[in-house]
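Below you'll find the structures, each written out as structure tokens.
Here come two complexes built around chain A, the first alongside chain B, the second alongside chain C.
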Partner chain A sequence: MPIYLYIDHRSAIHRLHPTVKVFALFVMFWSVYWVDHPLALLPLGILMVALAQTTGAWPNFYRLRWLFILLIFFTTLAWMVFYRRGPALINLPIIHLSRASLVFGFGRGLKLAELLATSVLFLSTTKVEEFTAGLQRMGVPYRVGFAITLAFRLAPLFIDSALTVVQAQSLRGYDFNRGGPIARARRYVPVVIPVFMGALRKANNMAMALEARGFGISAAPTSYIDFPMRARDRMAFAIVAGIGVLYFGIYYFGYGAIAVN
Partner chain B sequence: MKARGHFQREDAITERNETLVVTAEAGSQSAATSGADAPVAALEEVAFAYAGSDHRALDGVTLELRRGETIGLMGASGAGKSTLAKCLNRIVPAFEDGDFRGRVTIGGRAIDGSQVCELAPRVGMVFQDFEAQLFSTNVAHEVAFAMEQAGMARAEIAARIGPALEAVGLKGFDDRDPTSLSGGEKQRLAIASVLAMRPDLIVLDEPTTDLDPEGRAEVFALIRRLRAEGRTLLVIEHEAEELRGCDRIVILRDGAVIAEGEPASVMGRLELLETSGVHPPDLNRLLGMLEIREHAESIDHAEAIIRAHFPDLPRVERSESEAVEIIAEVRASVRPETAAAPEPIAQLERVSFAYPFGPRVLDTADLTIAPGEFVAVIGQNGSGKTTLAKHLVGLLQPETGRVLIAGRDRAGLAPAATAREVGYVFQNPDHQIFAGTVEEEIAFGPRNLGLGADEIAQRVEEVLAAVNLGAMRGRDPFLLSKGERQRLAVASVLALRPRLLILDEPTTGLDYREQRKMMALVRALNRDGIAIMIITHTPWLVAEFARRAVLMRRGRVVFDGAVRELFARDDLLAGSSFRAPEATALGRRFGFVALSPEELAERIRGFA
Partner chain C sequence: MHELRLMWRNTRMVVLCAISAALYAAVLVPFKVVPLIPGVTELRPANAIPIVCSFLFGPAAAWGSAIGNMIGDFFGGVGPGDIFGFVANLMYGYIPYKAWRIIADGQSPVMRTPGTIAKYVMVCLAASVLCADLVGWGDNLLAFRPFSILGNIIIFNNMISALVLSPLILYGVYPRVRAGRMLYTDVMPELRERPRAIRLAGLAMLLGGELGAWAVGNLVSTGYWIPAFLPAGFAISPYDKAIAVTVSPLILVALAGAWLM
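Here is the complex of A and B:
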């Protein structure tokens, strides 16, 4: 099973200039941030689904389907506990089930899901090298940009390693789900230690290999890949910027908020 | 140390044991040579002790690497091989705290003021862990990485990528994701990325440790090509037969060079190799057993030597009809292992499996493991071996088909539910070790099963004795050697008293001595009645230890039978990236299917 999210599909989004893609990532986060109402978030969600379809990123969304579902479900549920506005539709202990809490909670869940979807879409269509180049073009120093992108590259490796450790300990009869939340957290010690030790070893090996390949000779290395800014990139930049302005406008003029009756 | 046998030319060997005998040539190597005649690299009285260690990893090593020379560096784990290699580009002492002494020169110039990255254009290094040395999302970018760091112009980088990929046989792979390559391809990519920099010296630190036989063959074929091109290479390796083509062999022990010379001189010194943790070539072992004091450079050469001494040996042309005869003979001589089995411990019935959106990894696989069996599961990387094993322990659920454990369908059961029936030792022992002491690590499993304190203590004692770690019971597992940690991983699973023990590549990363120790333990467990299923890439290990072989290809079980029969089937071996050990392959030419040099020697002696 592939452990990285990048899918080589060569769609129009894949071929966009990396700076535009990094900018789009930022604008999507920005847009999601300004609105709360699910109806205001819906167009962004539809856009994500359409992009996932055209970029061939569906397998990644499918892999993470439970994360999306659980994120929306539990966020909605959690806000029914804390967001106690509007008349209750049904009287329940702890949970305040009102139209307002339902809409607000669902909106928050959708918001988190869209942030996750944006990241998945970005990583499905952007190579690590493009990410580095995009950050570099935006003024981020090469080493900082490389470190950020390396973290994206390493995270799946560590997750994969953690899953293997969980399997190894399960096979020794270990039950991770015994006890309350704190006891359960403590029961992950047999996972955390091997993963941490493995991560240290891997990081050390990688640091050695990087330097052995010349990482650090130059503060601004050259780039094998040329990223010319084409007309389509400028157009995409304008569209993305337009979405950002539109969503700020929605917020500014008072749309996109949740009205409490 | 005395050279034994007339084939060992005393003048070709430099011995540096307790008496520190050094040849005139080696002794005359000057520290300050420079210019065109300077060696590509030289170590002069280099010593290094890691911080916190009371012994030296390197202890006064003096060694020259001359232009165009290929040196094979061998020795047990911990002998100092990797430390020596890392001194050549200053990873030691730049990355490792410790006490460094002596002098290292590259092209005649001392490197003590240099940074590791500054040496990248001069010294290229390929590491054992290929996952840790590939950073890019496509093959061309990977090759370009070091050149980008060196600030080369885009046109120059582009001009070098093609030839580098072509040199390692990866032409046309430019756009492939490195993670999608096989192990052998990944290592060849790592070599290509080093080659593109055109360094003076290429160091390969056990580059084939995690590879299947085909991957190993690919990498060593590439090394031979690079040697023919006149590159200067230092190759670290445990298997002596792979280094027969080197110009010079150097053996390290306890951080010091104890022998140095041409392969023909060193390879025949079986005792020296074995005591240095190196697997001596089977052909040399065989000749030694037959009291023939010659060095065989290949199977053809060994055949000629042996026929000269045993002219009555039969000649077997490898025609299909004769192969069939051999197989028939083998089948007649092998008692089916499963015939007497009362009830299988584990069964796979037409199991198929695929990851979401992925290709089929298991394809209608059938397998039955009976009590007391010793089964080797082999096949190239990605053939489905580990996936098959994970179905047996419930880490994966079949898409179609079913898995039975002790006659019970394991569908819906948690992995832990069958821990008493089937134990699984992961390839990397560090994936399970976490406790503060060896004893606690072993007690973890029985404690999870809810056993009483007396029972746990008894099991800990039993397995400590079985794996011979009693003296280390109070030690921190993270401070043990790789071989000891591997045995601890076995012990911690054994404490659950499984009837079937699955070991996934248990000898990976171990030197020959540790491999033998590990396999002696596994054999002893099998003799005590535990069924063994071992996943491995190592042909000699299958030949010597397993009785039944299961060969997998693209998710299918393509052979399930006696090991001896497998090694008589050239058709199967050729199509599965597996090969018979050299002694077995040689024996086939005389009409035998011998599983070890000892067995072959006995058969040959019958024709004296």
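Here is the complex of A and C:
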């Protein structure tokens, strides 16, 4: 699985201010949290599909299609074991198959799938530096933002280093696929050690390079990347906030809940 | 816990934090496509990394564990529950080195005496149980998934990695990092500990709180035990309110213990 899902499509969503996108991410969490019924969750699902189409994020959704399907299926199944409410439709061992448990479990599955869709959409339309800029605008210290950006940037490099070591070891006849799952996992330890040590060798130089450039001198450093807030960003902010209010209203007025007979 | 704040002033610790996060994410993300129970958890050999990094980089590894898990979460779907995941992973990286300094100060974690092995298992178990408690409690509070599923799978997953993989990586890496004077005690020599008696009390509170939370969480979320003082409305699936009343105080005790350590 690639570590970057970003797709350069230049859609209106791509061009939004990073703070608005991070805010939209939180509003999605908020909206999904307040309702339980699958029918109440459906409009958000449709919105996700429409946004995936607009932003050209389909390749990422297609790549994760099985994760979406299995997520909904297993979450529904898990709640049919634990949510033992409503009259049983069929008597089964362990599973309590009632209308209420089915609707509740499916609703939970849909919720989690919509949260996954939100994160895929967010990563498809937001670069790492935009994400950290958005977090910093929301009060996260820049050193933390820097560590997040650096971690996002370093992770693919470490994966590449690991793959190089795997290929080099395989050429020397080292068999990574021998034994059961635990034995196979242990055979990857000789791969992790050189990657680890290579990373640490970088750490010293990186710290010196950062300090030479004045990292840590100012509490509010300037940046070459500027994200001005435009009228469209304010409008998007208002729409997103409206969705959040609407979903809280649905909960507050008693819609979106599951009736148990 | 003050070192979790202080470390951000040290550029080398910021870089080590990013490296820990990137290493964690680099192993975590490729295994996102190998779910053990889809929507609940996947195969996580990456859980060996925070334990190793904790012994090496101390507080930088704690933040690295939280950030690395957050990067991983973006590929399995982020949601409100991931705030608990962030704190849980922070603790998963924080507890091992802190607990080790209390029960085995001055000893190397790669020593192979029965005493150090027992202490190593204990600190890994303490870290794994608190991590599982926080995620299970948080997800059940939000009624996403029952405590009894997450609370147990996470302990199993963490302990497998901590016992099978971490010692081998530590054995390869720890002596080299110590020789290179890159351990957190070398990078942050200004760190000061509380008096030993207070730290021991903290450890006792941590263990009592987390084991209590795990036991109560399992009993309540499965409906086997509901305290008599709870109103009848709390004793219904998904038991989110019952979990809030019964498990939250124990979680607070565990966190207060971690703070005193």
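The definition used in the following text is that the second predicted complex is superposed on the first by the 184 of 261 C-alpha atoms of A that agree within 3 Å, B and C clash if a C-alpha of one lies under 4 Å from a C-alpha of the other, contacts with A are read in each partner's own complex, and residues count from 1 in each chain.
Convention: contacts are C-beta pairs under 8 Å (C-beta built on N, C-alpha and C of every residue); 3 or more make two chains touch, one makes a residue touch a chain.
Treat the numbers as computed from the prediction; the structure is a model and nothing was measured.
A.B. asks: In the superposed arrangement, does A:Val189 touch chain B (first), chain C (second), both or neither?
C.D. replies: Both chain B and chain C are touched by A:Val189.
A.B. asks: Which of the two partners, first being chain B and second being chain C, lies in contact with A:Leu67: first, second, both, or neither?
C.D. replies: A:Leu67: touches chain C, not chain B.
A.B. asks: Tell me which partner A:Leu150 touches in the superposition: chain B (first), chain C (second), both or neither.
C.D. replies: Both chain B and chain C are touched by A:Leu150.
A.B. asks: Can A:Lys202 be said to touch chain B (first), chain C (second), both, or neither?
C.D. replies: both
A.B. asks: According to the stated criteria, A:Phe29 is in contact with first (chain B), second (chain C), both, or neither; which is it?
C.D. replies: second
A.B. asks: In the overlay, work out which of chain B or chain C sits against more residues of chain A.
C.D. replies: Comparing chain B with chain C, the partner touching more chain A residues is C.
A.B. asks: Regarding the shared-chain residue A:Leu116, is it in contact with chain B (first), chain C (second), both, or neither?
C.D. replies: second
A.B. asks: Have a look at where A:Gln169 lands relative to chain B and chain C in the superposition and call it first, second, both or neither.
C.D. replies: Only chain B is touched by A:Gln169; chain C is not.
A.B. asks: Of the two partner chains, chain B (first) and chain C (second), which one does A:Ser11 touch, if any: first, second, both, or neither?
C.D. replies: neither
A.B. asks: Which partner does A:Thr75 contact after superposing on A: first (chain B), second (chain C), both, neither?
C.D. replies: second
A.B. asks: Of the residues on chain A, which ones does chain B touch that chain C also touches?
C.D. replies: 1, 3, 150, 153, 157, 189-190, 193, 197, 202, 204, 206-207, 210-211, 215-216
A.B. asks: Chain C touches which residues of chain A in the complex?
C.D. replies: Touch list, chain A to chain C: 1, 3, 5, 25, 29-30, 32-33, 67, 70-75, 78-79, 82-85, 104, 108-109, 111-113, 115-120, 122-123, 141, 143-144, 146-148, 150-159, 162, 182, 185-186, 188-190, 192-193, 195-197, 199-200, 202-204, 206-207, 210-211, 215-216.
A.B. asks: Please name which positions on chain C make contact with chain A in the complex.
C.D. replies: Listed in rising order, the residues are 8-9, 11-12, 14-19, 21-23, 25-27, 29-30, 32-33, 35, 37-40, 45, 52, 63-64, 67-68, 70-71, 73-80, 142-146, 148-149, 160, 164-165, 168-169, 172-173, 176-177, 180, 182, 221-223, 236-238.
A.B. asks: In their shared complex, at which residues does chain A touch chain B?
C.D. replies: Residue list for chain A touching chain B: 1-4, 6, 8, 59, 62-63, 127-129, 150, 153, 157, 161, 164-165, 167-175, 189-191, 193-194, 197-198, 201-202, 204-218, 221-226.
A.B. asks: Can you list the residues on chain B that touch chain A in the complex?
C.D. replies: 86, 89, 91, 94-95, 115-118, 120-121, 123-125, 127, 129, 131-133, 135-138, 140-141, 144-154, 157-158, 161, 175, 177, 179-180, 193-194, 197, 355-358, 390, 393, 395, 414-416, 419, 423-424, 426, 428, 430-434, 444-445, 448-449, 478, 492-493, 496
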